[in-house]
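You will see subunit A twice below: alongside subunit B first, and alongside subunit C after that.
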Partner chain A sequence: MAVFKPHFPFLNDIKNKGLMPAVLYKINESVERLTAGLDIEDIRSVLRGDPPPRPNPRVKPHADGFWFHMRPTYYHNLTAGLYPSFRLGWLSTYFFAFETITGLILMLFYTPSPLVAYENMLNLLGNVPFGRLMRDLHKLGAEVMVWVVFLHMIRTFITGNYKKPRQFTWFTGVVLLLVTLILSFSGYLLPWDQLSLWAVTIGASMAEAIQPQAVGDIANLLLRGGPQFNEWGLLRWYLGHVLLLPLVGFIFLGVHYYKVVIHGHSLPPESEPVGEDTAKRVPTDQRTYFMPDVLTRELFYVSVTTFLLVASTVFWYHAPLEPHAEYLITPLHTTAPWYFLWLQGMLKVGDKFLWGVILPGAIFNGLMILPYLEVGPSRRYGDRRVGLTVGALVLIVLAILSYMGTPHYAVSSSPDQEVVAELLPQTEPGPLRTANWAELTPGTYTAAEWESAPTETLKKLLHTYEEEMVRAADNPTCRAAGNCLVDGEGLMIVEDWQEGLKKITFRVTWGEAPEDFCLPGAQNEFCQTAYFHRDSNYGQGE
Partner chain B sequence: MTWRVILGTVSLVLTTILLGFVAVTEPSRMEGFTRAYETRQIEVGATLFEGRCITCHGVQGQGIEGVAPALNAADLLVGSPLPPRLQEIGWAGSTEDYIRSAIAGGRPRPSAAFATYPQRMPTWGEEYGGPLRKDQVDSLVAFIMNWAPQYGGAGAAPTPAIEGVGTDITIELPAGDAATGKALAEGKGCTACHVTAAVGPAWLASADPNGEGVGARAEKRFTGADYTGKAASAQQYLFESIVLPGAYLVPGASYVNATNGQSLMPAIYGGSLTKQEVADLIAYLESLK
Partner chain C sequence: MAAEASAGAKAPAVPPMTRREFLYYIWAASMALLMAETGGATLWFAYPRFKAGTFGGIFELDIGEVPAPDSDPQPYDAGRFWLVNLGDQNAGDERLQQYVSGEPYANQPKGVKALYKICVHLGCIYKWVPTNDRFECPCHGSKYLPTGVRIGGPARRNLDVFVIEAVDVNGNVITRTEATLNGMEGTAIDITGAAKLRINTGRRISGAPNSVPGVK
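== the complex of A and B ==
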C-alpha cells in the first residue's frame, strides 16, 4: 500500500504524444490559464483582427477572470470611440494607479519629519538613481490628473450623463474630484520647502476662519499640529496623503465604476429618445466587443500617456524644490496651487469665512446634489441651453477668480522690493542666478546706464533692472498706493567674495536717498544682497 | 486597430529607450546635483554669515581684535595632520566637524592661545537652544571652509571615511610620533580612563602601584607565564591592547566587567583608528616608562 504515489500526468502526455506536442500543449494550457480563457490561437486571431468565432471565446475572460469581470463584455458602437467619453474616466483611473506606484517608490526614501524631510529630497535628487525621475513623474502626474478628472466632470456635465439613473455615479464622482484635489494639495507639504510651508499655510488659514471661532481654532490646530506648522502637522498631512485619501479614493473609485458598469456607458445624447436610457440594451449588430477593440484602445491610451509623461519629465519638466521651509521668511508672493487659485481669488473678495469656507462648501455640496435638483428629462444639447450656458458661465467665473487669485490682482506690495524680486526672486532661480557667472565682472553699475556695462550678461540684467525701475516709477498700482519710486536709482554692485563666490548687492533708492550705504533702518532705500557661486548651476530645474 | 497596436508598441519601446537614456546619464546627473547643492550651501552660508556672524568675526571673517578670532585664517583651515588651532586643543575630528561643533554648541571659553576674547561664543544650533537648524549650521561650515582654497587647502570636503588598522597585530606600522600620539590620546578620549583614573590601568608611572608606566609594563607583560595574547614584542603588546582589549586581562585588573568577565575597554579601535594613529599612540605609550 503506497502512502505517497507520485503522479505526473505530463510524463504520460509525453509518452502518448511525444515531447514537442506535449510541451506545446502545456504552454498553450498555461497561456489559457493566465488569460482566463484565451489560448494562443485565440490571441493570434484577436491580433490579426479576425471576426470572433462562434461561440466567442473572447468573452470567457469576462466570466472567469478577476480583472476582466469588472469590464463590460461589449460596448455600444457609439460609445466605443473617442466621442462621447474621450476615455477621461479610464485616464483618471490610470493616473490613480500611476500616482500610487510612483508614490510608493517615493515613500521608500521619505521620512515625515521636519528635521529630515528636506534632506530626504536632496538625497532623492542627488543619491537615488531614477529618484528625480520618480519625483518629477509623481508631481507631473498629479497636476495632469487634476486636469483629467476636472475635464471628466465637465464632459459628463456637457453630455448630461449625470441625469437619471446615474445621479449617484455623479455624486461619487464629485467625491473623487475632491479626493483628487486634496490628494494633490496634501502632497505639497511633504518636501518641507518654502513652497510647501506657505502654500499649505494659506490653505490651513482658511480653516482658521471657520465660525464660531473655537471650531476654527481647533480645525486650525488639527491641520497645523500647533500654532504654526510643526512635526505633528506634517505627520498628519503625510498620513492623509498616503493612507486616508488613497483609501477613500479607492473605495469611491470602486463604487463609481460599479455604478458605471451597472448602468452601462450612456449613449451620445442625440442617439437615444428623450427621457430613455438605452445603454443596457445594445442590439447584437451594434456591439463592439471589449476584446480586442476597447482593450487595445485603452492600452494604446496608457502607453502613449506614459510615454508623454516620461518624455516630459526627462526633457523639460522638473518638480520645483525651493529652499528649506523657514517660518521667519514669508516669500513675497505666496500663491495656492493653480487648481486652488479660484479659492484664493474668492478670499480676496471678502470675508474669509463666507468666501473661503461657506461658499466653497456650498459649491461642492451643490455639485454633489446637482443631479437631484436638475431633473429635466432631456440630455440633448438643444434642450439644455440654459443649463449649458450656466455651466459655461461658471467656467468663466472660475477662470476670472483664478486670475484674481494670482499676485497680479489686488496685492499691495512695496515697489522697491518688487524691482529686486524681479531679478532675484525668492521662490525660483530667476535672472541673476541663471546668469553667466563668469560675465558678472566686479564693479558698481547703475541700472540707467545699462548700455555701458562691460559684458552682455550684465547689460541684460541691468536692462531688466532699468525696465523695472521705470515701471516702479509710475504705474496705476503705485499711484493708487502712493508709493511710486520717484527719482529712483538702481545700483548693482558685484564683488569677488571668496574662491568661486561673488557677492551681489542691489540698492534701490528714491526721493531723498540717504548718504550712507545700506545701513539698517535707512529711509528711501532698499538693499538686498545675494551670493552666487560659480558651480551652483540653477539651470537644471531645482 | 492596427495603427493603435503599432503606435502603442512604439510608445512602449520609446519609453524604454528613454528610461535607458536616464539610466546612462543618471550617475553624472546625480554628481552634478550634489556639486550644485554643495555650492548653494556656500551661498546660503554666506547670507547667514552676513546676518549673524560679521558683528564679531568681521565682514570677511578676518576677526575683530578683542572681540572674536579670525575664521578666514590659515591656522584654522589648513595644516597637517590638523590645522594648528585644532591641534592646540587636541581636536581629533575633521576641521568641518570642529567648526560645526563650535557653531552649534558654542564655546564655553576661548581656547588657551586666544584667551584675549572676553565674550564667549554663543550656541547657535537649534538642538542646543540656538536659532539655527542643522542644515543652516552646515551651510555656515561650507562657507567658512570655502576660505581654505586661498591658503592652499582643499576646501569643503566631507569627513573622510577612515580605513581602520584592523586587528592583525603582526602588520608593519609606520613610524610613530609620541607628541601626536599624546594629542590623539587626549582627543580620542583614552585619557578619560587611562591617565590616573581608577578605571583603566593608569598609564603614568606616578599612578601605578609599582611605579611603572605603561611603556615599562608592556616590555615585561608579553613574556609573562600567564600571558594569553599573541604579541611577540612590546609594540605588538600595546597594539593588541588597543585593538583586541580582551586578548589578555591582567589577573585582578580593575577594568574587568564583573558580570561577564570581559574587558571594559570597547573593542572598536581596529575600525576607527588608522595605522598612523595607532603607531603614534604606541610611540606615546612606549615613552611612558
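== the complex of A and C ==
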C-alpha cells in the first residue's frame, strides 16, 4: 500500500475530454464557485437580459454566498425603482464604505499630535501624490453623507415607514444619524487648525454645561483630555473618529439592515390597504429579481455618485484648512459645521444647559421614540396631515435656527472690523489672500478712489472695500447699535516687505482720524495687517 | 388546602422559583455589577491626569505697567488674562443701568481686575472691541463691559477673575481680590500705594450669575 497516492482528477479529465474542453470546464467550475452558484452561461444569460430559467439559478448566490445572502432575492416591482426609497439607504451604506477607504488612506499620512498634525495636512496638500484629492474626497464625502442620511430620514418620515412593524428599524436609524453627525464632527479636530480647535472647544464646553456640575466637569475633562485641549484630547478624538465611532456605526448598520431585510422593503403608502403591511407578500408576477436588475441599478447609482464626487473635488471643492490652531485667538465669524448651525443658533438664544443639552437631547430622544408615540395606522399622506405639517414646521424651524447660527445673527462685531473681515476674513482665505500677488503694486490706496488703482486686482479689491465702507456707514444693524461709521475712510497700504513677501495693511478711520498710522491704542482707527507670500497658494491652485 | 387547590386550577400554573433559577438571578446580578464596575473603572482610567492651573502660576507686574484708569484693557497672553483699571467712567457706565439692573450693579467698584480671557459661555476667547467699548465673543455673541459684567448674549454669569495681590515696596500685601456677593464675584482692588501686582492665575473666582436680557 502506497503511503502517498497522488490524485489529480483534472489530469483524468484532460485524458478523457481533451485539453481545451477540460480547461474550459475547469474555468466554468471556478466561476461557479466564486459566484456561489452562477456559471459562465448563467452570467451571460443575466447580461443578455434573458428571463430567468426555471429553476432560477440567480437565487442560488442569495442562499449560498455570504455577500448576497444579506440582500433580498427579489423586490416588489413598486420598490425596485427610484421611488419611494430613492436608494438613500443604499447610498448611506456606500458613503460609510467610501469614508472608511479614503480615511484609511489618509491615516497613512497622519500622526495624531499637535506638533505635526497641521504639518501633515500641508504634506498631504503639497507633497503626497493624490493627497489633496483624498483629503477633499474624504471631507466632501462626509458632508454629502450627512445630507444623504438626513434625506433618508426625511423620506422615511414622509412615507410613514417608521410605523409598525418598523419602529426599531427607525430607532437604529436615529442612532446611525447621530453616529454620522458625531463622526463628521470629530473629524474636525484632526487637522489641528483654528476651525478644529474652536469647533471642538465649543463641543466639549457643551458637555461641561451638563448639570449637576460634577457630571459636566467630568464629561468635559474626558472629552478634552485635560483642562484645555491638548495632545491627549487630540488622541482621544482621533481614536473616537477612526475606531470607536466607526465600530458603533458598523454594529448599528448591521442591526438596521437586518431589520430592513426582515420586514421587507415597504411599499409606497398608496399601494397597500390602510393598516396592513404587505411588503413580505410579493406576488410572483410583481417580482423584480435582485440579480440583475436591482444589482445593476445600485452599481450604476454609486458609479455616478463616485464620478460626481471626484469631478467636484477636481474642479471646485477643496476641504478648507484654516491657520494653525491658536489657543489665544478665536477667529471672528467662527461657525459650527453647517449641519450644526441650528445648534449654534440655539446656543445664542439662552442658557447653555437648556439650549445646548436639554433641548438637543430631547430632540434626538423624541426622534428615537417617535414611532412608539405616533401609532396612527395609516401611512397615506392624506391621513397624516397633522404629522406631515408638524414635520414641515420642524424643518422650517431648523432652517431659521440655522440662519441664527451664522455670523449674521447676534455676533456681528463693530462695523470697522466687519469691513476688514470682508477682505481679510479669519476663517477662510478671502479676497486678498486669493488675489493675484503680482498685481498688488506697492502704494497707498483709498477705497473711495478704487477706479484710479493701477491694476485690475487692486481695483477689484478696493471696489469691494468701498462697497463695504458704504454699507458700514449706514445699515439697520449699526443704526440699532448706534455705531455706524460716520465720515469713514478706508486705506489699503501695500509694501514690499521682503523678497517675495508683501505687507498689506487695511486702515479704517472715522470721525477725527489720528495723524499717525496704526499706533497702538489709537482712537477712531482700526488697522489690520497681513503678510502675503508669492508662493503661499491660499487658493489651492484655483 | 382547598382554596389553594382551586386558585391553582384557575390561574396558569407558574412554578415557584427553584434554587437553580434563583442562583441564576444572583449570578446575572453579579455580572451586571461587574459590568458596571468595569464601566466605572474605564471612565476612571480615561480620566485625564493633569495639574490644575499649569499654564499659570503667579505673574508679577510693576505698578508702571498697569494701564491708566478707564483706558483700554491690556491683554496678558501668558497668564490668559486682561488687566483692566476701572475708573469713574467704567464704574458709572450707563450701560449698567440700561442692560443690567439690580443692587449689585448699581455701583461698580473702582480699581484693578484681572479678567480670565475665556468666555464663560462655551470657552471661546472673547476680544476687546474698542469701537463698541466692550468685550465681544465671536462664537455666540456674549458681550461684557470692561468691569467683566455681562450685558448681553447667552452667557449666564459675569467674567471670571484671577486673584490679584497689591504689594508695597516692603513686600507687604496691602490688599487683594476678595470674593464678594456670597463668594461669587471677585472685587476690583485699589492699587494706591502699591509697588507691584501679583496675579495668581491658579486662583480663579467665578463671575456672579447674571442672566437679564441684554444688548443684542
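The rule we apply is simple: the second predicted complex is superposed on the first by the 539 of 542 C-alpha atoms of A that agree within 3 Å, B and C clash if a C-alpha of one lies under 4 Å from a C-alpha of the other, contacts with A are read in each partner's own complex, and residues count from 1 in each chain.
Keep in mind that, in the parts below, contacts are C-beta pairs under 8 Å (C-beta built on N, C-alpha and C of every residue); 3 or more make two chains touch, one makes a residue touch a chain.
Here the structure is a predicted model, which means the values were calculated and not measured.
The superposition on subunit A brings subunit B alongside subunit C with room for both. Once the two complexes are laid on top of each other via chain A, the angle at subunit A between subunit B and subunit C, using C-alpha centres, comes to 80°, given in steps of 10.
Looking at the shared chain after the overlay, A:Ile202 reaches subunit C, while subunit B stays out of its contact range.
Once chain A of one complex is fitted onto chain A of the other, the partner contacts of A:His333 are limited to subunit C, with no touch recorded for subunit B.
In the superposed pair of complexes, A:Val349 makes contact with subunit C only, with no contact to subunit B.
After overlaying the two complexes on the shared chain, residue contacts for A:Leu501 are found with subunit B alone; subunit C is out of touch.
When the two complexes are overlaid on their common chain A, residue A:Arg224 makes contact with subunit C while staying clear of subunit B.
When the two structures are aligned on the shared chain, A:Val411 is found in touch with subunit C, with no touch to subunit B.
Put simply, subunit B and subunit C get as close as 8 Å, counting only Cα atoms, in the superposed view.
In the superposition on the C-alpha atoms of chain A, no part of subunit A is touched by subunit B in one complex and by subunit C in the other.
Contact residues of subunit B toward subunit A in the complex are 1-2, 4-5, 7-9, 11-12, 14-15, 18-19, 21-23, 26-27, 29-30, 32-37, 39-40, 42-44, 46-47, 50, 60, 133-136, 143, 146-147, 149-150, 155. The part of subunit A that touches subunit B in the complex is made up of residues 47, 49, 115, 118-119, 122, 125-133, 292-293, 296-297, 299-300, 302-304, 306-307, 310-311, 314, 323-324, 497-501, 503, 529-538, 540, 542.
Partner subunit A is touched in their complex by these residues of subunit C: 43, 46-48, 50, 52-55, 71-72, 77, 80, 117, 121-127, 129-132, 136-141, 153-154, 156, 211, 215-216. Against subunit C, in their complex, subunit A makes its touches with residues 198, 201-202, 204-206, 208-209, 218, 221-222, 224-228, 232, 236, 327-334, 344, 347-352, 355-356, 409-411, 413-417, 480-481, 483, 521, 523, 526.
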